[in-house]
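Shared between the two complexes below is chain A, which pairs with chain B and chain C, respectively.
Take a look at the complex of A and B:
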């Protein structure tokens, strides 16, 4: 039992080494998929077992007792291990058919295989790190392996650019984290997470620690003003990696935020309110930006920001609950956030894997060029639809369940806290509902444009391999399962929330809703819907005509409704923030001439915040250009001069 | 005895500053290698063992035999001009070196009041570092740069022995290996670029900039 995690981790390493040695590359790929699925399954079993048994904190690697204090398996870490492995299994399975395309094209996939298996390993070790420096090392390794994995199609210019943005943004985040950990170490005199504790009594340092922690982890998670790297990095990564990136890696930022709450307790109330506001902002504008995109992967990347916002709202609720010591609110906020983190890992992986299949067949990511996929691959479309319903938060799927917990938290908070809270909670409820509405709009847009209608560009065949079906099927099943039986995981979440807060008695709040009623109702609704579908299929006569023909006979695919026209009405409300640019060449005469229309949306924070700051820094650095010489002797004399100056200062210093 | 050897080490540094012949540079490298090996063996003379002898022996072989031989080989292979053209008056250079060395010696004497260091080995080590750097700054030939880096490294080697009684064996061996590899790499690099840059001077390397 104790050796499970060690075995799992060593299997990842074996997988990485073997994929270098095994010839030919096709066999290496099969081996990689098999062994990594196995390893992830072992670690998944480990996580579930530990979470159910509610053990005392114990050594992860029994073979190396000297490193016992470096790693710690508490409830939060185990829960994130559960998320990582749950998302890892389907993504690894899906790489099999995805990478085969590249092997056909004779692209070198070995680097991707190695970096992906190491990425899986490092992400798992990261959440167990109990030592500031160990954490930073794994954080860095995780970034590097993700970056190397992104470079699968390194000859494309957008890949080079996007991976560079990812690299710089995550290193900026790492820089903030260095300051965060150094300040904590300075204040607590230890590097161990279990010794980190700082309270607002220590004054400015407390606020600095919080600031840098939230900046660093928030940047990784993709909260709104710091999200600009996500729409760059996700579209260019290979499908399996972008699924893992969006499903898991940005969640390490959420993990970090939970740790901040653990280290810096209690957070003042206003910080909880700030978290709530920023999160609501991220959620609303994340989904609104998503609505304005035509690029399927960029759209999904913006949806990640939306979901991170929803998770953040849960965290904010929990923080308010802690400071006002209202336990149900703490549980509903943190529990909802953790549950949504888990759910998002499932349905976002599903959607990204689906988008990978689509992009492979169409060789483009522009949804305006797709259409009628449902006629080629009904099962595939069904799975994608399940993911879409789940992410929009529609019952009876899992996305609804986690949002339900957060909504319940709003009502609970409004009831338990007086003052201005009822009004605030009302606003938050409306905001979250609005987010759900926009998400629904966005997913009706992509589902109807991509899957329904007639083909906008010629497509001979739409291939979905068996492994893709398997991977997406597993995820779709999980979406339904946790929608109907949320009680199966709520106990685990409850122990994760309590264990991470060092409270040994479990809160009974997990069970204070009669979940079995929901199960019965949802299962019944699902059954009725299925019966209706079958009944409709066999009873009524079907009229066969062009999709959306509307009685117009000589129809061409170009006459169909487009995604941007569908979303235009709502986008025009926030057109200034969304930076929607329209370029049209329209005929001025009454006779038809050649005309065209292009619209695209630019990211506000990238264009107005990140890019100006970056350009300013670059221009300032360029003004030191005179120091750049080609002669090495110049640099060495510079070093010597500076060393002398430092020594003089050191000597005359009192 | 250590102090005497350290002073000897400093004298080789001064000789290095005024000489203009490549042969002398190599010879001095060899002499310094032998001196260093003797210096690090001194504290352990009472209780010698095979384990302790590893490092002096290795450094003797690497610093006094392999590296000088390799540099000689490069000089002969590439037919480098055997005399360097100084771009600073030898006397001025000597004056600068002596001045910096005296500052270092005085400072180490002051420092020895606060921290437990052996003044003379410490100061000699420091001088070697500074003079290695000065050599790189004031000489243009690539091969002299290699020598300058090696002198710098000799200084660091001596530094370690003057601060702690013994550095961990593995660290010392690692450093030795590093130096060996660096010298080989530089030799190969100099060899490769010899067809384009016949002069072997750093000033022309700016042409490699893109």
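Take a look at the complex of A and C:
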């Protein structure tokens, strides 16, 4: 039993090595898909089994007892392993047909295969790390392998630019984390996570630790002012990698935030309120920016920010619950956040894999050029639709269930805390409802524009391979399953919350509502749908005819609503924040010349915050330009000077 | 148990059977107020029967989405109707947190109505769908500012218990309820596509929301859409009326009669408002809805501090 994880991890390594050795590359690809699916499945079984059995923290790698303290399998780590492996299986399956396109074009895919299997491995080891340095090493390796995987189409300029933004942004995050861990080590005298404890009694250090931790992990997760790298990195990554990036890798930031809450306990209440506010801000503007995008992958990247916001709201609730020691609120907040993390990994992977298929067929990511895909690939559209309904938080799919927990958290928190909390929680509730409305608008937009209606540009065939159908089918099934039957995972979430907090048993709180009613409701909806479909089929005559044109017959595909026109009404309300730029050459004279209209949105925090700060730093560094000489002796003497200064400081330091 | 289920089924039959009548009543009163004779109050029933017999025509560009959408819309709205108390009978589906499920089931209906409309690829439906989606964004928070604020004040999260907790005995809560009900009325008008947000009778594609979304539906599909819009009016009517129905818990029959009277009164108010007010400009609708949100917030603030 204990060897399961070890076997899984070694299979990932074998997969990586074998993909270098096996010739030809097509066989290596098949081997990679098979062995990585198997390895992820083994680790998935390991995670579920451990979470159900509720063991005490024990050695992860029984062969190497000397490293026992380096790794720890607590509830949180196991739950994140569950998330990683659940998302890994379908993404690995989908790489089969995705990479085949590149093999046809004779692009080298071996680097991608190696880095992807190592990425899967390192991400899993990361969540088990119990040692600050080990954590940072895996953190760095995860970033590096993701970066290497992104460079699959390295000859394209946007890929070079986007991957560079990813690389720098994650390293900035890593820089904050170095400070975070050094401060913790300095204060606790140990590198082990299990020894990290710091309370607000230690004064400034406590707040510094919190600040750097939240900056580092928050940047990785993509909370709103620090999110600017996401819309750069996601579009240029290969579909499987962007699915994994959005579904799992940004979640390591969420994992880190859970760790901060564990190390720095109890967090003051105001910090919980700050988390709530920042998260709501991320959720609202994440989805609003998404509404303004035409690039399918960029749009999905902004949706990750929205969902990270929703997860953050859950975490904020949990923090408030801890400080006021209200156990049900802790469960609803953290449980909701963990459940949404899991759900987001499922439906976001589904949507990104779908977007990969679309981009392959269309050779563009611009949704304004698409349309009418449903007539070519109804199953594919059905799966994508399920993912869209789930991400909009609409029942009976899983996205609703986790939002439901968070909604319940608002009500529960307000009832238990009193004072001004009902008002605050009401505002949060309305905010989350507003986010839901915007998400609904956004996903009706992309589904309608991409799939429905008629083709805006010619599309002869739309190929969806069998592996794509399998991968998306698995994910769509999971969306439905955890939506209709959430009880199945609530127990596991309770274990994760209980195990990671070492507190009271959280299981009773999972029964805060009578879940069977929800099942009855959804079953009722499905039943009526079935009955009605049968009734429709047999009761009436059907005929196919032209669409209603209001007396105007020569309709063309270009007359359809576009994504911009669909979203224009709502985007014009926030046009200042969204920085929507419109360029139009309008027909003016009686015999108009060629006219056109372009609109796009710029990221506020990128243009107004990140870029100015970056430029300022660059200009400051450039002022040291006089130090750069062509002679190497100059550099050596500089190093000597620095070394002397350091030694003097070391000698006179008390 | 059997009696309980039977009791729970009665409200359901009430909603299913009488919702066209409510619409008929509104239309009749509106006609009378504008000096016309108007169609008989049974007209919506005749129309439903007529539609269910007609053949269904699909556009050439239509896919499985527009075949599925009317069915999903109808069933989601119908099941949402199961969750509302009719004159203080405990609804069949009543549990902690059903306030959220109710709102999101209607969200499911909206999602499918929008993609069903967009499925044709016609710019008329696109226009209606874009408007519906935009206004829904602003309508959604109003729901939580009205019934949601009651939930926060009372501490219950089930619609039935929230309505039961309403007391009209002290002035501050009376004002609170009245102002909330005004916000709720705004919401009802928006969600049910009535004036001044939407004009169901213009028959000009450019000026409508709901009617233009179902332009290409006919026969059974149109039957389902129309029926679900009638049910929606009934649902939001009940949602509005229950704010003022605190007597039901003492005497079930008294409560029920009061409920009916209030529902009739509501139909008169809707007809009267539709007679008096012209439709708003489309670009002003978000402001109208934000106004409703704003008075909801203000009301809650006042209540919290006075209480």
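Here is the rule we use: the second predicted complex is superposed on the first by the 615 of 654 C-alpha atoms of A that agree within 3 Å, B and C clash if a C-alpha of one lies under 4 Å from a C-alpha of the other, contacts with A are read in each partner's own complex, and residues count from 1 in each chain.
In this section, contacts are C-beta pairs under 8 Å (C-beta built on N, C-alpha and C of every residue); 3 or more make two chains touch, one makes a residue touch a chain.
Every value quoted in this text rests on a predicted model; they were computed, and no experiment measured them.
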*asked:* Under the superposition described at the top, does placing chain B and chain C together on chain A give a clash or a fit?
replied: fit
*Touching partner for A:520 - first (chain B), second (chain C), both, neither*: second
*Have a look at where A:393 lands relative to chain B and chain C in the superposition and call it first, second, both or neither.*
second
*Counting only touches as set out at the top, which of chain B and chain C does A:429 meet: first, second, both, neither?*
second
_Between chain C and chain B, which one touches more residues of chain A when both complexes sit on the common chain A?_
C
*Could you say whether A:20 touches chain B, chain C, both of them, or neither, answering first, second, both or neither?*
neither
_Going by the contact rule set out at the top, does A:633 touch chain B (first), chain C (second), both, or neither?_
first
*Should A:447 be classified as contacting the first partner (chain B), the second (chain C), both, or neither?*
second
*Between chain B (first) and chain C (second), which does A:617 come into contact with in this model arrangement: first, second, both, or neither?*
neither
_Considering the aligned complexes, could you tell me the closest Cα pair distance between chain B and chain C in angstrom?_
55
*Touching chain B in one complex and chain C in the other: list those residues of chain A.*
none
*How about chain B: which of its residues touch chain A in the complex?*
107, 130, 133-134, 136-138, 140, 145, 202-203, 205-206, 208-209
*Which residues of chain C touch chain A in their complex?*
52-65, 67-68, 71-72, 74-76, 78-79, 82-83, 93-98, 100-101, 103-105, 107-108, 110-111, 114-115, 118-124, 126-127, 129-131, 133-134, 136-141, 143-145, 148-149, 151-153, 155, 157, 205, 215-216, 219-221, 224, 282-283, 286, 293, 300-301, 304
*Would you mind writing out the residues of chain A in touch with chain B in their complex?*
629-633, 636-637, 639-640, 647, 651
*Once bound in the complex, which stretches of chain A touch chain C?*
371-372, 374-375, 378, 381-382, 385, 389, 392-396, 400, 404, 407-408, 411, 414-415, 420, 422-423, 425-426, 429-431, 433-434, 436-438, 440-441, 443-445, 447-449, 452-454, 512-514, 517-518, 520-521, 524-525, 528-529, 532-533, 535-536, 539-550, 555, 557, 559-561, 565-570, 573
